[in-house]
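Across the two complexes that follow, chain A remains constant while its partner is chain B and subsequently chain C.
Moving on to the complex of A and B:
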């Protein structure tokens, strides 16, 4: 598969103009300097303790995400295209969620089938007819984008539930400024350090209308055993807000309070990194120790804002995702600016038949899956893996979708034997407040470190790069 | 039939609790054939109630108790006039299309045993109502009613396996099997006046409802093998027990908890 290379484009000759200074920097840097910088990078991340827990690895539950010091560059016009498309996308998501939890026009108009929504476990009956403050469901989205050509960008996932990774966007920049200040100085790179301020402003803007004065915002974490705990504490620190667990909060008379040494303090906005299922044991999973009893009553009474809103997760369903182009036309009356990956919905018999006939070419994913778990990548799968998926698909087709294997773009990356192209994706973070959408210029670039691999997830051995959106 | 209900739940704690929050679904609403007269929710001692409604239309009360408190007593009482409708429920608040009630939940799971059991009941037969009666009769014949045989966390599959259960389990099994046959079904919590004269009861009742086109929602009291009559008061509906439970609560402190229920349902023909 001939992938577009971020540095070389489609040809083998000179670097794209955008990358000329990177190419020169690479050729000028003696191998010893490069080796020393890579060692420093490892040390830097070890010292700040940025780790990621990997489920399913019993011996080593936490590990570093390998950091690559060759940045991924995005030209200004490319970013303009992307950010316009992202804004449109997140507006559609919010309209869609307001609709399905409200009048359900999209179902009535036949845009998507009723059962896909009504019988979806992520469609939370508990919040139907109870719009969140200011009508915002998805305050933070971490949209996964891949590139297949000069102007061809595809959205892989919208990640509207509780996207993580933004701490890497910030840390990777800090690492780059220390490790390669000489390269950074050769470009005008848009800053990402504004993200925490923007996030806090976004969260405050969606405080309930009745909140008095400066709203109190907290970050609710499942605790230190969660794979993203590092990020939770990092963000709370950067935002200057309290990092709380469920037991630090309580609900009294439909109002939420935080226990402090000065007594109870009212809470207006909760940036929650706890899933819907665990957020209130009186309404969802009764055995949850991670949530706050009465939180949904407080939310229904309009006394607290949960970000992201309960129920937003249905838009992460991969069968729902497949309707984004139709939903964009329906709600916005315009064409989608970013492509959707063509998707076979295995719930449809003709699609299922096609997928079963082409398993060795396709990527098959669970509709409710995430993190690169439980998927089949046909072209690199073994016969046994393909047969296992064939059985799963036949048993419960509605649980799966399939997509063509995309030729993700590659980016030069340091590997054992020097510099080589490796596949990358991009996760920019989109903030939606009461009045505006804000997108920090940059994002998390993940890189599949294994040659030829298309799986960039950190849980599956992916690494990370700094992402430079250029101002000139 | 005029039913007079008094339902008291007392929580006694080993040590005083620091606080408690409960979500109550204990207040019936009007619909055709069910007319709720004066109905009260009372808390003994400290405690504040905030009335609301869940998205399915059940009346809720959030109860907030500040400690230290060693005992919480919640009492609901009132009178309901009920007219015989042969189990058909009309005029109730219906915010969702019946299709929503085809969802499987963790309490309404299905085991291979249950699927085999279902297959013998001609689940795809043209007469949906007849199938539902077959299903109720078959469960009633197979499962033994035994108080204490199961707990509130017991799933449909577990109860089916042990062939024993209480009204909650019968309702879960019926709901799970009906859904698999493509019939929307839901869980109902409520009260039953027992003709044999047992006015004092140990626990509230539960049954199921299934949706039949052109008729609507129909009740099936699977534990008793009959459709609800004018002796039944519907209080709340849900996808399963958790969605319709009379009380879901949480507390801090208190040590061991002892819960006692005092329930009386008296009936008078009008």
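Moving on to the complex of A and C:
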């Protein structure tokens, strides 16, 4: 498979103009310097404790996301195209969620089948007819984008629940400025450090209308055993807000309070990094120790805003995803600016038949899966893996979709043997407040460090790069 | 601030202080153990180290005999002993990690670096390396403490952090005195004998107070003066009275900031004025052991009061 290379484009000759200075920097830096910088990077991350836990490994395990010091560059005009498309995308998501938890026009108009929504485990009956403050469901989206050619960008996932990774966007920049200031100085790179301020402004803007004075915002974390705990504490720190666990909050008279050294203090907005299922044991999973009893009724009473709103997760369903082009036309009356990956919904018999016949060419994913878990990559899978998936598919086809294997673009990356192309994706972060949508120029570029691998997830051994949106 | 965060800060500082204390106790024991046997007490220095650490019960549940190897194992590296140096730093780091936002990055990095390094230490290291290791633990505690002092905002987070350190330090100082004086001195040995001299010397070594002693008293080592230095002397930063001046001040600052004082301010003041009204002769007349037991009780009552008033 011949992939588009971020530095070389499609040819093998000179670097794309955008990357000329990177190419020169690479040729000027002796390999020892580069190796020393990589070691420094690892030390830097280890010391400040930017680690993540991998589920299934022992509790004490804290791993680093390997950091690659060759940045991924995005030209101003490429970014303009992307950010316009992303803005359109989250607007559609928010309209869609307002619709399905409200009048359900899209179902009535036959845009998508009723059972896909109404029987979806991510469809939360509890919030039907109860729109969140200011009508925003998806305050923070971390949209996964892949590139297959000069102007070809595809959205892979919308990640409208509790996307993580933004701390890496910020810390990777810090690391780059320390490790390769000479390269950074050769470009005019759009800053990313405004993100925390934008996030705080976004969260404050969606406070309940009745909130008095300056709204109190907190970040709700499942706690230090969660794989993204570092990010939670990092963000709370940057935002200057309290990092709370479920046990720090309580609900009285449908109002939310936190326990402080000075007694109870009222909370207006909760940036929650706890899934719907665990957020309120009275409404969802009764065994959850992570949530707060009574939170949903406080939310229904309009006394607290949850970001992202409960119920937003249904738009992460991969079968729902496949309707995004139709939904864009339906709600916005315009063509989608970003491509959707063509998707076979295995719930449809003809699609299923096609998928079963072409398992060795397709990527098969669970509709509710994430994090690179539970997927089949046909072209690189073994016969046994394919047969296992064939059985799973036939048993519950509605649980799966299939997509063609995309030739993700590659980006030069340091590997054991020097610099080599490795596949990358891009996760920019889109903030939606009461009045505006804001996108920080940049994002998290993940890189599959294994040669030929298309799986960039950190839980599957992916690494990360700094992402530079260039002003010139 | 969140009660849970205040609690975590309080205990982070306590556990770092405890790790430092253990390193000192073990270091002093190693030096004493190197003396010819006629200079040693009725029980060995290793037994003394175990009792001073307060881990006697757990220790003798696992080992029959206190010697360098078993002490090193249990008091330094064991994860079964919740108060080993390794467990202390694990717990301190876990607490700090759960409230990273309340610590400065300098303080967190000092603690996280110590934790990373401790995890790569080899429990089977040579004696010489072990002695360097104990110095390293003390140095790590200094770095963490120094980072907090130099970088943290002077607000409730800092006060809870220092409060934890002050209470733990008072507890540790009291224990050293108690164990050395009452458990180790053999019945037959007269106060002021050669054995006595080395025991009191060891105490001063444990708390790095040799020079301080000379400067304050300008005298040879006398038991009542060593006891005075560690209990009632306001110049000595780890004396009981200094720890309580510190604790009391932090509590008053908290009370002022929150506009309300409660049982913990009252208890801390009461202990402080009791200490301020004592002379060392009174302490010995009352019995050093009894005095220290009373103090340890007061100290844990204060801990409980702080918990009830702020940390839940």
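Following the convention adopted for this analysis, the second predicted complex is superposed on the first by the 467 of 472 C-alpha atoms of A that agree within 3 Å, B and C clash if a C-alpha of one lies under 4 Å from a C-alpha of the other, contacts with A are read in each partner's own complex, and residues count from 1 in each chain.
Just so it is clear, a residue touches a chain if its C-beta (ideal position, glycine included) is under 8 Å from a C-beta of that chain, and two chains touch if they have at least 3 such contacts.
Predicted, not measured: the structure shown is a model, and the values here were computed from it.
Novice: Examine A:297 and indicate which partner it touches, taking first as chain B and second as chain C; both and neither are also allowed.
Specialist: A:297 sits against chain B, while chain C stays out of touch.
Novice: With the two complexes superposed on chain A, say which partner A:262 touches: chain B (first), chain C (second), both, or neither.
Specialist: In the superposed model, A:262 contacts chain C only, not chain B.
Novice: Taking the superposition as given, does A:252 touch the first partner, chain B, the second, chain C, both, or neither?
Specialist: first
Novice: May I ask you to decide whether A:114 touches chain B, chain C, both, or neither, giving the answer as first, second, both or neither?
Specialist: Only chain B; A:114 stays clear of chain C.
Novice: Output check: A:224 vs chain B and chain C. Expected answer is one of first, second, both, neither. What do you get?
Specialist: second
Novice: Looking at A:286 after the superposition, I want to know if it touches chain B, chain C, both of them or none. Which is it: first, second, both, neither?
Specialist: first
Novice: Who does A:236 touch here: chain B (first), chain C (second), both, or neither?
Specialist: Once the two structures are laid over each other on A, A:236 reaches chain C alone.
Novice: Where does A:407 make contact in the superposed view: on chain B (first), on chain C (second), on both, or on neither?
Specialist: The answer is neither, since A:407 touches no partner chain.
Novice: Can you list the chain B residues touching chain A in their complex?
Specialist: Going by the criterion above, the answer is residues 19, 21-23, 48, 50, 52, 54-56, 60, 62, 64, 66, 95-97, 99-100, 102-103, 239, 242, 248-250, 252.
Novice: In the complex, go through chain A and note every residue touching chain C.
Specialist: Result: residues 46-49, 223-224, 229, 233-234, 236-237, 242-245, 247-248, 258-262 of chain A touch chain C.
Novice: Note which residues of chain C are touching chain A in the complex, please.
Specialist: These residues of chain C touch chain A: 1-6, 94, 97-101, 105, 108-109, 112-113, 116, 156, 160, 254, 258, 310-312.
Novice: For chain A, which residues are in contact with chain B within the complex?
Specialist: 114-115, 118-119, 121, 125-130, 250-254, 281-283, 286, 293-294, 297, 300-301
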